[in-house]
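One chain, chain A, appears in both complexes that follow, with chain B as partner in the first and chain C in the second.
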Partner chain A sequence: MSSFKPKLGDGSIILPQARVKMIMKSSPDTESISTDALYFVTKATEFFVEHLVQEIYESTGKSNELTYKGLADIVQKSDSMHFLKDMVPRKITYKEYQEILKEKENSDLF
Partner chain B sequence: MYMLCAFFNTFWQTLKMAEAVPEEELTIPRAAMNKMIKEIVPSVRVANEARELILNCCSEFIHLLASEANEICTQQQKKTINAEHILGALDRLGFNDYRTDAEAVLKDCKAVAAKRRRQSTRLENLGIPEEELLRQQQELFAKAREEQAAAEQQQWLQLQAEAQMSLQQQQHGDALLNSEDGEYS
Partner chain C sequence: MAERPEDLNLPNSIVARIIKDSLPEGVNVSKEARTAIAKAASVFVLYCTSCSNNLAMRANRKIISGQDVLGAMADMEFERFIEPLQASLEVYKKVQKERKEAVAKRKQEKSDKKPEDIEEASDEGGENEKENEDEDGDESS
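Take a look at the complex of A and B:
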């Protein structure tokens, strides 16, 4: 994370602040938000996206395609992305799933 | 009457459905997301599935920030979440990098806004010192006063000339009338 240098750090904003505010308000107990605070959240979200995308890009060897797998891998590996674990579970084949089930059954027996 | 009621009912329900967006589906608009990704990695194709997922991750991130900041806000017994609360939340969640960059951007923003306000008078662009500008201003005022006085005088003279002319015409007219009277008497 220390090597993060945002490209989008020139003061302009791409994400719509109004929508960000709506998303924040849908969180329980969130009442009013100051203009500066909203700006910070929007900007932080932009940096988050940039960081996420860059990490995937780097970790997949700068391939020219961003896929679900790339995202899932990063989420599992990176500490700061751990909060996304439940959203982006690694996909497994049905065979792997069966093996996991079998293991579980075996451990349940004992 | 019955049909009308049924119609209104469904109409109203549809309206309500359109208004209430379920929380789970509230995300950043796709167009904005696509624009961002294009700026970050212009030559990379991004699978639709991945885009969808990044959108949801964004929402998750915002929710996380919001609830953390809300907690800090409540702890401080404030009613409005302010910038400090957000910065604190970023720290608590381990997103310090975003914090320093966001702060730098905010500072830039404010500097640009302040500069724009000063430049709107265009004084700085001329590069002329203030005393010189004051002197020029005084000159312009004096000149304007002179021109105004000259114009007024011109007007006054003209009015006088016109008054004179009309007076002469009147006198001439009177003279004619008098001479006519003379004839009859």
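Take a look at the complex of A and C:
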């Protein structure tokens, strides 16, 4: 596990808490959210973006280009990013896609 | 309630700012990567909510507490965020408190000068500050 040392600053958050709250409330199980919990989720999301970006940057050998491929590779590789697997799939070529289709057709025959 | 579907996404511009601040200068982020990271952040919020909800429900509570969110971080394999989160909240609360005290102090000083205003000034929020100043101006003239 790589260490994570975010800049602390004055603990202020830049993501809008109202929006985060709205996303949280869109989950059917959510009843109410304490102020501390909302702060933690908002701040954690900021940390998450920072951490994710740093992981991509390190994994690509500090390349000057941060690309979708770099992101998809990290998501497929890292355990803690597992929850994003369906959302950030690796890109495949059309040829690879055709092969997958063919395989599927074959297995559907049985 | 969310009125439009885009209300359930985090604002791209702010996520872009966090991305930029997390990288050394001169690193280019492709548009595709930026959009996907912003989406990933929104999914992170939902994932976080669901894990925190589970912990709250298991404890028979209806309100998600700060502790539930910290517990969720551990469940999500983001233990590394727990300590920075606690430290941030502490600093944040301290700064907020100092700010509040500074405002209260300014009010107190003002009301010391005008004893007849004490009642009015003591229990009012920050928004009314400007109004009070205006009133003061009127009275002195």
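The working rule: the second predicted complex is superposed on the first by the 97 of 110 C-alpha atoms of A that agree within 3 Å, B and C clash if a C-alpha of one lies under 4 Å from a C-alpha of the other, contacts with A are read in each partner's own complex, and residues count from 1 in each chain.
Heads up, the rule we're going with is that a residue touches a chain if its C-beta (ideal position, glycine included) is under 8 Å from a C-beta of that chain, and two chains touch if they have at least 3 such contacts.
Just so you know, these numbers come straight off a predicted model, no measurement behind them.
A.B. asks: In the superposed model built on chain A, check whether chain B and chain C fit or clash.
C.D. replies: clash
A.B. asks: Would you sort A:89 into first (chain B), second (chain C), both or neither based on which partner it touches?
C.D. replies: neither
A.B. asks: Looking at the overlay, what does A:43 touch: chain B (first), chain C (second), both, or neither?
C.D. replies: A:43 sits against chain B and chain C alike.
A.B. asks: Counting clashing C-alpha atoms after the superposition, which of 92-100, 128-136 or 146-154 on chain B is the one that bumps into chain C?
C.D. replies: 92-100
A.B. asks: Could you give the residue numbers on chain A that contact chain B in one complex and chain C in the other?
C.D. replies: The overlap between the chain B and chain C interfaces on chain A comprises residues 1, 4, 6, 8-11, 14-16, 19-20, 22-24, 26-27, 29-34, 36-37, 39-41, 43-54, 57, 63-68, 70-71, 79-80, 83-84, 87-88.
A.B. asks: Would you mind writing out the residues of chain C in touch with chain A in their complex?
C.D. replies: Result: residues 1-2, 7-11, 14-15, 17-19, 21-23, 26-30, 32-33, 36-37, 39-50, 52-53, 57, 62-66, 68-70, 73, 76-78, 80-81, 84-85, 87-95 of chain C touch chain A.
A.B. asks: Tell me, which parts of chain A touch chain B in their complex?
C.D. replies: Touching chain B: residues 1-2, 4, 6-11, 14-16, 19-20, 22-24, 26-34, 36-37, 39-41, 43-54, 57, 63-68, 70-71, 79-80, 83-84, 87-88 of chain A.
A.B. asks: Can you list the residues on chain A that touch chain C in the complex?
C.D. replies: 1, 3-6, 8-16, 19-20, 22-27, 29-34, 36-37, 39-41, 43-54, 56-57, 63-68, 70-71, 75, 79-80, 83-84, 87-88
A.B. asks: Please name which positions on chain B make contact with chain A in the complex.
C.D. replies: Those in contact with chain A are residues 23, 26-29, 32-33, 35-37, 39-41, 43-47, 49-50, 53-54, 56-67, 69-70, 74, 79-83, 85-87, 90, 93-95, 97-99, 101-102, 104-106, 108-109, 112.
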